[in-house]
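Before I ask anything, let me first share the structure, which is written out below as structure tokens.
For clarity, chains are labelled A, B and C in written order, and residue numbers in each chain start from 1.
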Amino acid sequence: MDQLSLQDPLFATYVIAATLMILKAVSMSWLTVVRMMSAKGGFRAPEDLRKTPLNPSPDPKQLEPDERVERIRRIQLNDLENLPFFLVAGFLYVLTNPSLLLAQVLLYGYVVSRLLHFAAYLSARTHDTRATLWTIGSLILVFMTCRTLIAALGY
Amino acid sequence: MDQLSLQDPLFATYVIAATLMILKAVSMSWLTVVRMMSAKGGFRAPEDLRKTPLNPSPDPKQLEPDERVERIRRIQLNDLENLPFFLVAGFLYVLTNPSLLLAQVLLYGYVVSRLLHFAAYLSARTHDTRATLWTIGSLILVFMTCRTLIAALGY
Amino acid sequence: MDQLSLQDPLFATYVIAATLMILKAVSMSWLTVVRMMSAKGGFRAPEDLRKTPLNPSPDPKQLEPDERVERIRRIQLNDLENLPFFLVAGFLYVLTNPSLLLAQVLLYGYVVSRLLHFAAYLSARTHDTRATLWTIGSLILVFMTCRTLIAALGY
């Protein structure tokens, strides 16, 4: 049984989609750091107002929300509401032994929908664009999860 | 080795509990959407005040917190603090080869505790009811995790 | 194939690191509860102002943010942004069959970096200390994820 072999095309498809999504999620933390450093603000912890090599000129205003930082935090929260569940749902879905083509469409389709959602959110496109992209990803997630539940129930 | 076979009753128990919890988590996103649409508010991104087919009459008040929307967001945050860890802990726990009955009690017990927690939170029951239901789920999670840790340490 | 056997030293390493991180994450919820009870405040839901055995003397001020509680919530949010992705990335990483020593350095190194990050955040050390510890963990996570992605792509 090579269910979890990276040489298995089906499992490798999942692993590629999953690692791309993990890198995407971690990037949001780094992007928050980059924007906090360029804004020299948007901090949250009171101790971040201490004078340090990374913050040589502290100012109480640094604890006020900065919209450029807050935007990344909203994107990241959206990731937290979606990606951990995709990572588990995708794993269990490939264990139901779907066709490789269908798995590729769903898993890579999810990745693309999330990357486009990120682009739309980052560039402040209108809500309807962002919502459509989120919906595509969410429906893929619901489909994979329901398909897996039905398989586990023995139907 | 049929460890990860959906025909294996132990693994199928995990998969059923996991997929139900994933669907529960995703439902919170959809419920947030439903409540934002019925309140025509509770939005968070500044660009959501643009006039679009989904928001034909924008109003700055739409960015103010709406308690009916915030309630779902609090429930969802509680999910994020619990469900991803349950999904992994439950998976690793069934790999320790517990008795099927015990696994069913723990995994389905967790699912039931979370669904009741949701009902208590949604209907604004007193804190003590909600806290009791949360505690049951959290103790199940801690038990499964400790049991798995002890097994991995070789005792 | 004993890939997922707890007797396998490589997989056991992952399971020990993963369960420790799950217990760490769950502890943040309990620590929030402990601090809310000692502060008799820092609540978030309006219904928590009702008189109950656990809250015999309700007061509207109980819904105001309490810094000792908010600190744990910030730590917990940082966990949510990191740990679920570590749990999946570490699992997939051990499936690439790395050397046991390297896996131990990375997985236990991540655990240690997060525990020190927690200690630094809890005791309000300066931002630079906390940021350094977070960075170590994040780089370990990125390394494991990239290594897994490369393996899944067949290189």
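Following the convention adopted for this analysis, a residue touches a chain if its C-beta (ideal position, glycine included) is under 8 Å from a C-beta of that chain, and two chains touch if they have at least 3 such contacts.
All of these numbers come straight from a predicted model, not from anything done at the bench.
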item	value
Interface numbering overlap (same over half, different under half) for chain A and chain C	different
Cα superposition angle of chain A on its copy chain B, in degrees to the nearest 5	120
Mean-CA-position distance for chain C and chain A (Å)	17
Residues of chain B whose C-beta touches two or more other chains	1, 4, 80, 84, 88
Partner chain A, residues of chain C touching it in the complex	1, 3-4, 67, 71, 74, 80-82, 84-85, 88-89, 92, 95-96, 121, 124-128, 130-131, 138, 141-142, 145-146, 148-149, 151-154
Touch list for chain A against partner chain C, complex	1-2, 4-7, 12, 15-16, 18-20, 22-23, 25-26, 28-30, 33, 43-48, 50, 52-55, 76, 80, 83-84, 87-88, 91
